Amino acid sequence: MSGTAYTAAELAERFGLGLRGDGAARVRGVATLAQAGAEQLAFLANPKYRAQLADSRAGVVVLREDDAAAHAGTALVARDPYAAFARIAALFEPRPRRAPGIHPSADIDPSAQVDPGAHVGAFVSIGARSRIEAGAVVGPGCVIGEDCVVGAGCELVARVTLVTRVRLGRRVTIHPGAVLGAAGFGLAMEHGRWLNVPQLGGVVVGDDCEIGANTTIDRGALDDTVLEEDVRLDNQIQIGHNVRIGAHTAMAGCSAVAGSAKIGRYCLIGGAAGVLGHLEICDKVVVTAMSLVTHSIREPGEYSSGTPLMDNRSWRKSAARFKQLDAIARRLGARGAD
Amino acid sequence: MSGTAYTAAELAERFGLGLRGDGAARVRGVATLAQAGAEQLAFLANPKYRAQLADSRAGVVVLREDDAAAHAGTALVARDPYAAFARIAALFEPRPRRAPGIHPSADIDPSAQVDPGAHVGAFVSIGARSRIEAGAVVGPGCVIGEDCVVGAGCELVARVTLVTRVRLGRRVTIHPGAVLGAAGFGLAMEHGRWLNVPQLGGVVVGDDCEIGANTTIDRGALDDTVLEEDVRLDNQIQIGHNVRIGAHTAMAGCSAVAGSAKIGRYCLIGGAAGVLGHLEICDKVVVTAMSLVTHSIREPGEYSSGTPLMDNRSWRKSAARFKQLDAIARRLGARGAD
Amino acid sequence: MSGTAYTAAELAERFGLGLRGDGAARVRGVATLAQAGAEQLAFLANPKYRAQLADSRAGVVVLREDDAAAHAGTALVARDPYAAFARIAALFEPRPRRAPGIHPSADIDPSAQVDPGAHVGAFVSIGARSRIEAGAVVGPGCVIGEDCVVGAGCELVARVTLVTRVRLGRRVTIHPGAVLGAAGFGLAMEHGRWLNVPQLGGVVVGDDCEIGANTTIDRGALDDTVLEEDVRLDNQIQIGHNVRIGAHTAMAGCSAVAGSAKIGRYCLIGGAAGVLGHLEICDKVVVTAMSLVTHSIREPGEYSSGTPLMDNRSWRKSAARFKQLDAIARRLGARGAD
């Protein structure tokens, strides 16, 4: 409730929003509809929460035109309330200062270059020939191996590892525990033992990408593993060697893409979904949670696999019948059916 | 076989167990039924291992009343042999000493508070305004960001990251590689590019929770992400922003909960199971391994999805028929069936 | 294109390969068929890429006898082109030098032993009674707890944690973020609260194993968790306490094995596949991606579960019918079918 305040009129002006009600209403922070108080701003985007609007004590609410009519209080009207809220909320986000400079404990190879405008935190290692550009933040405990680039304005929050040959564009954010550039899973069987196939490529990450906590992206075997610009990866994701992910694609937590698969632009990959190796998925494909992509997808649209959740007793019956499905269909004379 | 010894009678007395056989039998350690020797104690809880009892060379066995009759050797009789065994085994657990004090290499912000009775290990970073309470252990390589609290008696084993606004209750154990308080996956699409939604909340973890290796728990967008007391999370779990998990719920490895879902008390979530966002699961729900919860659950019980494991050739036939299921059912005139 | 060059004839001789075309052709590096230039060597193993052979500008191609006939350029003929390529590519792999010695920042318990021929990097912790053998590399940020052994020639790339009682054989490679030896998920419910079951065992990893980034392997409860020799684990894998994995088995990313399961030799476990606890899988079993093994497997072969990927609209129809399967089958009089 402390800090800078903005009036509703100022926010409307600044973000190009419609204003209903009291333009002098002051906003000192943001909160949910359920929790917001008199000097806080809330938003209504998901119709599921519409019922909360009437009871909300929020001083100002960001909402759509058609919800504004039903709202007696001060409102900011947006075509996309969630995006408008995101921009307003950023005004109130506490950002720890990361002053330029290198922490005295950092261990930096003499051949590495760190821009004077970059921040390098405690217990950071930077390997031979790597480069940290202006305004980049390399948080505590990060390990940057050989031949890496951390582009201008990147933020490696803490304990991020770039193993080798990882080139990040500008403004890439990487959350703790992520590992980029580890040797991909390349194995050949020879005389009954596994032989490692050298992983000579790197990882290229485009501008404005975000990579979640404990996500892993292997380096390519020969060519690079590539994320185009503005790709958003949640936590605990696994990206195999030589995968390519198109611009603006977002993947939810625990999803995984096997080696050499290509995913298009503006795709949405659900949580814990999987994509087999060497497949291609075109632009604007949605894969629902925990689905497994087993063949290439050439048409935009939504794709799924799996079965619905059931009580275990009923599920056991259906599951037992699943094993008999071919026999059942044959009995019906369905051989030729599609 | 070295170290402290206890007699069977001492153990019976100490843990309130029944005694059969030789109360003077000495116990110097614990082992499985198959491996235990004359001065070791074993247990029988899972009937699957009952056949091992006859051949066991264990000096003392903890078991249920109805198994005791069949056992000629010394036995401690418990209503819950596994719990009794757990308490006895703790007597023999080697616990590395973590002396109070701060390792000289640790990097601690001047505004942070570390209780003199806490242990802070090598290469630890502690950020502004964070507090480490009495008896807490912060193992090597941990990163504690801004505005965090590590409650009395907590143990962060090693390389744990608390990003920001993470408040741990008392006696919380966190295993290596876990990341709490990373920015949740909040995105709005605006003019064809992703816009980050500020993640202003924190993470609150109740007393006696345990969080597994490489598990991730994102901080809330506005309100906090919450684990109530005695929640047990295995390894590699992903908990999205604003999730709430009820007291005494246990989740097995690789499970995942998407943003804003609420899970009740005393639930058991199986390995690699998933829960979609914004759902509610009531108390005492069991979700079996690799099931996907796609709707709220309002009745206690066991729930499942998926299909049974089959040899691949048979599975291919059933899978092909799964695609024809609606046509098959229509042919049967099953339209109205439930 | 710099560095050492080899002639095709030299490579044929060195690796026992057949030679077609110009034995004097020089090779300075390796690349894909699509990318390789005149002084680079490519390979053709997967028939899917056969069409690229005609257009390839690669100076030398490693391929099978039956592909050699169709190729006008210089070729090295191998029974297994992928394995041959792996051996050749290793000649060109840049390997960062890790000189023997201990980084001055490392924090090593007085009772630990580090062989003078081992490399210990920056910000490494090594606990009481642990031993690092000759030629081993312990990269930056690793944490080695108490009573661990890192065998001769092992490489812990960076930020690897061995919690306690982890014994690695020789030439084990572990990628960043992996955690071995954390306490397994052993819980007993007592009076409505969880009680921890002490995890007194360790982890034993055989010679030549490889463990992927952010993979977790819990220590055993009483006996050890065991990987036999030459086991290959990809990234983000979870191995529960007391699991045993047979020699030469490979597991793809995000797969998981619950406690006390036993997996045989020469098995291939697909990505995101799961194995329930206490099961046994015999040798030479293939489990396809995202399948769940719910019973022991006693016959070699390929096993699967799940349903095929469908467009969401069609999938919803099949999924709804899955719930009716038992009723459908009963209507057909299929009660006795298998």
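By letter and in written order, the chains are A, B and C; residue numbering begins at 1 in each of them.
Criterion: a contact is a pair of C-beta atoms (placed from the backbone, for glycine too) under 8 Å apart; a residue touches a chain by one contact, two chains touch by 3 or more.
Fair warning: this is a prediction, and the values are worked out from it, not measured in the lab.
When the CA atoms of chain A are superposed on chain C, the rotation angle comes to 120 degrees (nearest 5).
Both copies, chain B and chain C, contribute mostly unmatched positions to the interface they share, with under half of the numbers common to the two. A separation of 26 Å divides the Cα centre of chain B from that of chain C. Among all residues of chain B, those that touch two or more other chains are 105, 123, 141, 159, 177, 214, 236, 254, 272, 290, 306-308, 310, 320, 322-325, 328, 332.
Across the complex, chain B is touched by residues 105, 107, 123, 125, 127-128, 141, 143, 145-146, 159, 161, 163-164, 177, 179, 182-183, 185-190, 192-198, 200, 214, 216, 218, 222-223, 236, 238, 240, 254, 256, 258, 272, 274, 276, 278, 286, 288, 290-295, 301-308, 310, 314, 317-318, 320-325, 327-328, 331-332 of chain C.
If you check the complex, the residues on chain B that touch chain C are 30-32, 35, 48, 80, 82-83, 85-87, 89-90, 92-94, 96, 103, 105, 121-123, 139-141, 157-159, 175-177, 208, 210, 212-214, 230, 232, 234-236, 248, 250, 252-254, 271-272, 289-290, 306-313, 315-316, 319-320, 322-326, 328-329, 332, 334, 337-338.
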